[in-house]
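Here the chain labels run A, B and C in written order, and each chain numbers its own residues starting at 1.
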Amino acid sequence: MIDVQDLVVSYGTATALEHVTLTVAAGEMVALLGPNGAGKSTLANTLAGLITPAAGTVAIGGRLALIPEGRQLFPDLTVADNLALGGWRSGRRDPSPVYDLLPRLAELAGRRAGVLSGGEQQMVAFGRAMMSDPDALVVDELSLGLAPNVTAGLAAHLTELNRERGLTVLLIEQNARLAFDLCHRAYVLESGRLVTEGACADLADDPRVAGAYLGGAIT
Amino acid sequence: MSAFLTYLLNGLAVGCAIALIASGLVVIHRVTGVVNFAQGTFAVVAGLCVSSLLGLGLPHGVSELAAVAVAALAGLLAGVAAVGRRGTTPLSSLIVTLGVGVLAYAVEIVLWGDQPRSAPGLAGSLSLAGARIQTQHLLVIAVTAATFALLALFFGRTYLGKALTACASNPYAARVVGIDVRRMGLLAFALGGLLGGLAGVLVTPLRPISFDTDVTLIVNGFAAAVFGALTRPVVTLVGALLLGVAETMAAGYGYGSHQLEVALGLMIVVMIVQASRRSALSQEVT
Amino acid sequence: MIGRVAVLAVAAVTLALPAVLDDSSLAVYVLLGLAAMVTVGVSLLMGYAGQVSLGQGAFYAIGAYTAALLALGGAPPLVGLVAAPVAAAVSAMVIGTPLLRLRGHHLAFATLAVQLILLSVTGQLEFTGGDIGLQGIPQFGVGSWEASGAAAYAYLTWAGLALVILVTRNVIASRPGRALRALATSETAAASSGIPVGRYKLVVFTLSAAFAGLAGGIYCFYTGYVAPGSFPVLISIQYIVMAVVGGLGTVWGALVGAGAITLLVQGLDSLATLPGMPSYAPSVLSYAVYAVVLIGMVLFMPQGLVPAVSSRLSGKKRREPSYR
């Protein structure tokens, strides 16, 4: 579904991604880990077609939607309008399927997005991405700045969509614990290069990964 | 008293014309972040066009619509120059629109010469509670009211209008959901051209227009738009009406030679007050 | 070393030129030099403080009117010439203190407004001669010597421009000048590193006004009259075109920009006044040149001619300036 081969992205003279190769099969749920500044969001934006790569190929086998880092809503517009604009590509204007999925959004429909709490905003960003009726979803920092119970709620929705509707998911996270809980396979990106990849169970045992992302304590 | 009412009504009409120019500035600035110096140019182009078309014997209505369409096209072309190229910063774009305005001088002088031109509008005047008001003034007020209502509907109720607002609200997010922000910028410029053109065809029967009238028009329009911080149409409308009434009153009661200074001085004061309020706010945040 | 030789060569050639030029070429020489003086200031303001002034013509006018009023009032011309930049600088300091709280397009429109207000006021006041302006301004002179003839004004212009260049180079090389470079890159970063951003911006604004005022002072003695019509808004735009063409924030850029645009417009002007050309041809051509050059440069060569050429020569890529 997502096939990235030998991707190079640079900003001016600085290289943000160096020869990154990554695949996510249809219906798979894969994690991408890495510290701040590793190039995770650059990869997300490149997958979404917002950045033109300097070299390499990006092939997406269907419609891809991005939940960008920091939610990135339209703060002056209502929740309903934010959702409606999520359907810009698909031509879908009516948000009721998303309300079925996330009933809380129906209650918030008339509120301005800018005044919502972080968790509510992330839910709107989630709903807005689903409005494009995507085959694949890239989630950039789902948990950032959210309370654990809020994150857990959103993660449950994500898992449900993956299991029941076969939604392909690339979960970009700093929170490795969450990523390992949800996904069975992960990549680790550092300074623009993929340093390791594998099954989450194996990675959790890898002392380098455990040390850097799980605070040393493996449970 | 009737003199006062006359000045008030005439001032409202003048303010409405300013409001149309200013609304074009606001539409373009909201969507693209660019202040379009060529906004007065669109009005001049439309005004000169309508004088020619009526001179050729085309009927009213057709001439005005065609002139507004030409202004919208001019807006689109200005947009291509100002925001058509990726990575042009808003202040670079302002300088480009400055260039567009000067380029328009060259074209306008070749096509229409450098003397002021006028066009016939609605003839006659009405008596309203003892005050006389020209019918053309009433037309200006009516068209402006309708235009602002339509703009509010467009931005508040239609999908395309919301997409334009989205570009202003968060351009990155607009790109994330697949909106072509540059194309929306061009659309905003065309809409700005249309609004400027509307002002031009309405004003030309009231006061003759020449190629360099654009400076007065843009400065007045900017002054009004500054009231609404270049983003809020309703406050802009109020600002424009105040400006129009103040200028007309000043002229009517014998201070006519200073109306420009009053308007411009007011604009500078408003900007400085806004700037100091902004910096006070940002200091509270940090 | 090569740079110093080049500077001396340019200085010597330009100093020798007035002796061999005819009167109409001398007129171009003087206008070019005056435009260069103002443009150095505009370039400094745009390149170092990152701000656009659409009202630089106002300070040119203030300088011209100051010198003219003093000379007509019987003061020695030298007093008028010295007072011109001082008056412009003082006005800039007074206007700039509140105005420089504004940035970007707000400052651009505010400076434009200042020029429009000034033009309107001078057009109405009695002592400035209203719309007709001031005429019969005596020739420039010092003591018993009187500047008679265009060559004398060419030398005066050369000296004025040399002074402007020297001052600018010293400012750029000074410690505050290096701090200003940081200001052009990022105002926030400059402020957080302890640079008094507001004061430096005011200094640059005042300095650029003084340059324009000096040029205005020479202009009024050279032409012998000043009127509001001598200082249209377009003149301010013209200085921006010259600064952008040459390259912002460099003395050479300002000189090359002023030279290139003045010569281009003069060349087209002589073309446009050939027999058979329509009467509007000169103004149309100069408008078209300003516009096309301005748009083309900002979009396709934003760093300007001089930095583009010198970076090609040295093989280095320079940071493109950002107008904020």
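One rule holds for everything that comes next: a residue touches a chain if its C-beta (ideal position, glycine included) is under 8 Å from a C-beta of that chain, and two chains touch if they have at least 3 such contacts.
Everything numeric in this text was worked out from a predicted model, so none of it was measured.
For the criterion of most C-beta pairs in contact, the winning chain pair is B-C. Centroid distances built from C-alpha atoms place A farthest away from chain B.
Of all chains shown, the one whose average CA position lies nearest the global CA mean is B. With centres defined as mean CA coordinates, chain C is found 31 Å away from chain B. Computed centre separation for the pair chain A/chain C is 54 angstrom, with centres defined by C-alpha atoms. For the pair chain A and chain B, the distance between C-alpha centroids works out to 43 Å. Here chain B touches chain A in the complex through residues 159, 162-163, 165-166, 168-170, 172-179, going by the rule given at the top.
Residues 35, 81, 85, 88-92, 94-96, 98-103, 105-106, 109-110, 113-114, 215, 219, 222, 226, 257-258, 260-261, 264-265, 267-268, 271-272, 275-276, 279 of chain B touch chain C in their complex. Those residues of chain C whose C-beta lies close enough to touch chain B in the complex are 52, 54, 98-99, 101-106, 108-110, 112-114, 116-117, 120-121, 124, 233-234, 237, 240, 244, 280, 283-285, 287-288, 290-292, 294-295, 298-299, 302, 322-324. Taken in their complex, chain A has these residues touching chain B: 48, 50, 66, 68, 72-77, 81, 84-86, 88-89, 93, 128, 132.
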